[in-house]
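Next come the structures, one after another.
Each of the next two complexes has chain A plus one other chain: chain B in the first, chain C in the second.
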Partner chain A sequence: MTLKLPIYMDYQSTTPIDPRVIDKMIEVMKNDYGNPHSRSHSFGWKAEEIVEIARRQVAKLINADEKEIFFTSGATESNNIAIKGVAKFYENSQKNHIITLETEHKCVINSCRDLEQDGFVVSYLPVQKNGLVDLNLLEKSITPQTSIISIMSVNNEIGVIQPLEEIGKLCRQKGVFFHTDCAQAFGKIPLDVEKMNIDLMSISGHKIYGPKGIGALYIRRKPRVRIKSIFSGGGQERGIRSGTVPTQLVAGLGLASEIAFNEMSQDNIRITKLSKKFYDALTALTHVYLNGDKDHRYAGNLNFSFAGIEGESMIMAIKDLAVSSGSACTSSSLEPSYVLHALGVDDELAHTSIRFGFGRFTTEEEIDFAIDLIAKKVTKLREMSPLWDMMQEGIDLKSINWKSH
Partner chain B sequence: MTNLNKIFLDYNSTTPVDETIIAKIHEIAKLPLNSSAIHSLGRYANTLIDESKLQITQLLNAYNYEIIFTSGATEATNTVFFGNNFDDIIISSIEHASVYNCRPQNSKISEIKCKQNGVINIEDFIKKIPQHKNFLVSTMLCNNETGVIQPAEEIAQITHQNLGLFHCDAVQALGKIPVDLEKINPDFVAISAHKINGPQGIGALLYRKGLDFRPLIFGGKQQKSKRAGSLNITGIVGFGQACFIAKQKLKDFSKIAKLRDYLEEQLQIIAQSNIIFLGNETTRLANTCLYSIRNLSNQTQLINFDLNNICVSAGSSCSSGVISQSRVLQAMGIENDFLDGAIRVSLSPQTSKSEIDYFIKIFSEFYNRAKINKK
Partner chain C sequence: MAYSKELLEHYENPKNVGSFDKNEKNIGTGLVGAPACGDVMKLQIKVADDGTITDAKFKTFGCGSAIASSSLATEWIKGMKIDEAQKITNHQIADELSLPPVKIHCSVLAEEAIKSAIEDYKKNKNS
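Here is the complex of A and B:
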């Protein structure tokens, strides 16, 4: 069998829709095209029934109640609603402080920046060298004015898993709401809103082999979290999110969640095996560094920096692999990754960082091809690189005083 | 519960997705397309997005407008209302819930009255214009319940003369009547795909090039930083294709009027002076019939239609679940006897005469049976 190129290794950016999910969506579009808010006929009722089944499927995956699931257009919107919604609702009770991490996704950071314009105070906490939150610092940063802490479960660029249970426990102790962006975690690692004391969770469809344009927000009912909606209109989704709920997209997210519920452990065994093989092969090339903690991570995301190779030449050299440097949302701008910067990775290494993603459809054959290609190209690029020569001679690159000419 | 053998006459609430669009969605859904990615799949995604924008542009003559994709028209309208700190927002009393309920805290909202024929009252609008310049006017191009076509061009002109901005909810007009943005000249336009045989969950905000506003959803730099979030590629492609098809079939749409008028004639013969047709004295969408029966609640009618496999609605489906009196009917100043009895029948170019005849038959049986205070 010949391999289809490029090999898709950008599963954090988006995933192909699972064929079973596509079939479901097509079926809904063909047969059940009602508006789920139509109260006067069976097309509406059937569409509503489909929406409610999906709500249960999503809830089940995180051990939530279906009434705690609200459909949105995606994780970006969910993050906006969660952070701005809570901050603005509790503004009146003298709470104007928000805590988040420097390594959060852009949509969390920018929602916080937006709130700063409205007079809120935001602490962007630095992370440890391994990308994990410093729990002592987090505890110290909580003030009586803190309304919400937003910390992502799995980082999109480097794949590290934050200690959710510990964060949740701390938040509960201090009476602060805990929001977590689970775009990269939902359906990939076990999540339990009860065990982890999660109050709000953002969920995405297209990161778990579901469709784009759909996501969800989990909002805890007991004890109740209240939200000031950022959307007005028909009052759908119990006033949290107005607008027609898109039946076929919701059905797709629901089924993708159900498949993840049933197949997550098998998927993870396979992905972990491929990931380990890839990790071993790449680190054997020497001077290749994994960014983020080696153990507290989702195996399907490995972000490496290649020393002794110049900037973008690596991405160009491995065109047969669809990969990304940093997150897709910022990669087209080619600015150095703020996440790696927060980890203290120096600029040269940050510039040669590449994220390799593995997913449900990654095969061992593809991994073998990728390993082989990378090994060849790294060797070739290093042979051409004066930086590599200097490194071999033991010159500390940082000690060189580069001259412009 | 199955939808087989049902007669769907609620096309203003949503429409089935066109078969060719489903096929197209099927084809591209298999690919992991994120338009922000730097590899070839990312570039392919961008090609598809540009094609869709062109199809929308061509349908609306929107060459002087930027297009940002949203999750639907509700989000598009919210973006406009919350995107600038307007001191005043002027809406009409017959707006769809997505506009009517969109009320930023710091803006003073006023409502333009509507005339008995269902048309927004321009004289009343002029009275409501504030002295200052920081105001937004938001009215619809076609009403979702009556189908009445509104004087958007005139409203835009008056708004601009007074240096305000004009937002037009064109959801019901799109694909049903020719919409020329150069002629109407709005500053913002909200549209939705699922009303024109495109998929649910995708809409767009069009805004005149050069205008600026604060985004509603923050995050990555997608869509010129005006709307963060990975783009819904299947939705976008489906929307573009729906606009393309709608442009080809625009002439067919006006032909539905013949069947709609036949329906109204027959209902009139049956119910005589106990039935009224809302907005039938002025220009309205060819597919829409909103009637009301004296002293016969819409709930009773809906139950009967449902028992007979007919799908219609009592005005808009987007109110949060309760079937109640229509705000639009109240705004039109309809006499009390008729306020509870309104039913909207909305047709598509595929609606057949036999379906309409069946509707008339069921209506007739029920009407003649109903113990109501007829005149």
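Here is the complex of A and C:
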């Protein structure tokens, strides 16, 4: 088989849709166009049946009850509803404090910022050097006013997995709701809302080989989590998220969840093997550093910093690989990633970071090609790097009085 | 972001990558930028007694535009008198490479690198 270029290695931004999911969605679009909320005819009943099957498929993957699953447009919306909805409902019972991490996704951080405008108090906790939450600090930060803790399961930039079971246990002990953004975790790592004491979970469709524009929010029933809806409308999804449920997208998410349930362990064995091969080859180039904990991570996300090389020129050099830079250097801000910053990564290394993503459709042939290409370009770019020369001469870059511009 | 043909050519086949011994009397070295900002340029010139730049080399840590800007700068100044090279502006470099607005600072850095190398050469010569 000849290799098709460029190779897709940006599985954290989105995933290709599984062909089985596409077939299912086409079938639904062709035949089952009814509005799932129509009660007066069979078109509606059939569509509703499809939606309810999908709800069970999503629930099964996280050991939840189907009545605890609410369809939304995606994880961003789920995170907004969960954090703002809980904060605003429990505001009346004198709870006005929210805890989250500095390394959360922008939609969590910005939902919290919005709440601060409304008078809520938010603690954005720093993380340890390996990207993981400091459980002692978390415990100390909880006050009688804390209503909700929002901590993501798998970090989108660096792939580390937070200790969900420990966080859940702590939250339950302290009587605080535990919300987790599982956009990068759902369908990729085993999740169990009972074992992990998760009260709310945000889910995305397009990160698990399903369609874009669909996601879900899990909201625990026992003990019940109440939320104030942030949407006004016809009261669909039991008032949590008004708006017509898109049957074909929901069917796609449902089937993608079912496939993940059946194939997660074999997918992970394969991805872990490819990831290890890639990790070993890249670190052998020397002065290539993995960002985030080496062991507590999802194998399909490796974020490396290449000392002496700037990230954007590296991305240009390896343009046959579709990857993304942790650094926002293509934007006008020129700020390196806030996530790497929170890990205490030096600015120059944060500027050189690149995230490589692998998934269900990544082949060993592609990994071999990527390794060869990266090795060649790292050598070439280092040969032209003044910083690399200085490092070779043993000059400490921090000892130089750089003029920032 | 779509880059111009000129920029990609300089990025993919950069001219004059390398170093001179910075301690030699006829060499001027400019080191500008900062690692924390994502760009560092080292530009060196070799100058004849009559003030002609006979050779130039660079090494750059930075994005594609920064590498292309420094490659172009070294090409241009070779054969120039130092007084002429002194007059090269970032606009000329940005125009030649059609740099997008967010990358204009790369051409500024290249201009600074030329000026800084000339200054260093003068200091070296008189020391």
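Before moving on, here are some points about what is shown:
The rule is short, and it goes like this: the second predicted complex is superposed on the first by the 392 of 405 C-alpha atoms of A that agree within 3 Å, B and C clash if a C-alpha of one lies under 4 Å from a C-alpha of the other, contacts with A are read in each partner's own complex, and residues count from 1 in each chain.
Criterion: a contact is a pair of C-beta atoms (placed from the backbone, for glycine too) under 8 Å apart; a residue touches a chain by one contact, two chains touch by 3 or more.
These numbers come from a predicted model, not from an experiment.
Using the contact criterion defined above for the overlaid structures, shared-chain residue A:Thr100 touches neither chain B nor chain C, since it reaches no partner. When the shared chain is aligned, no partner comes close enough to touch A:Ser305: not chain B, not chain C. When the two complexes are overlaid, the chain among chain B and chain C that reaches more residues of chain A is B. Of the two partner chains placed around the shared chain by superposition, chain B is the only one that A:Leu249 touches, whereas chain C remains out of contact. By the document's definition of touching, neither partner reaches A:Thr180: not chain B, not chain C. Contacts of A:Ser13 after superposition: chain B is touched, whereas chain C is not reached. Of the two partner chains placed around the shared chain by superposition, chain C is the only one that A:His351 touches, whereas chain B remains out of contact.
In the superposed model, A:Asn291 makes contact with neither chain B nor chain C.
Of the two partner chains, neither chain B nor chain C is touched by A:Ser147. In the three-chain superposition model, chain A touches both chain B and chain C at residues 327, 329-332.
Interface residues of chain A, counted against chain B in their complex, comprise 6, 8, 10-11, 13-17, 19, 22, 25-26, 29-35, 37-46, 49, 72-77, 79-80, 105-107, 110-111, 113-114, 206, 211-214, 230-236, 239, 242-249, 315, 319, 322-325, 327-333. Residue ranges on chain C touching chain A, taken from their complex, read 1, 11, 14, 17, 19, 31-42, 58-64, 66-67, 101-102, 105, 108-109.
Across the interface of their complex, chain A is touched by residues 1-3, 6, 8, 10, 13-17, 22, 25-26, 29-34, 36-42, 70-75, 77-78, 81-82, 97-99, 101-103, 192, 194, 199-202, 216-222, 228-235, 302, 305-306, 310-314, 317-323 of chain B. Those residues of chain A lying in contact with chain C across their complex are 308-313, 316, 327, 329-332, 334, 336, 346-348, 351, 383-389, 397, 402-405.
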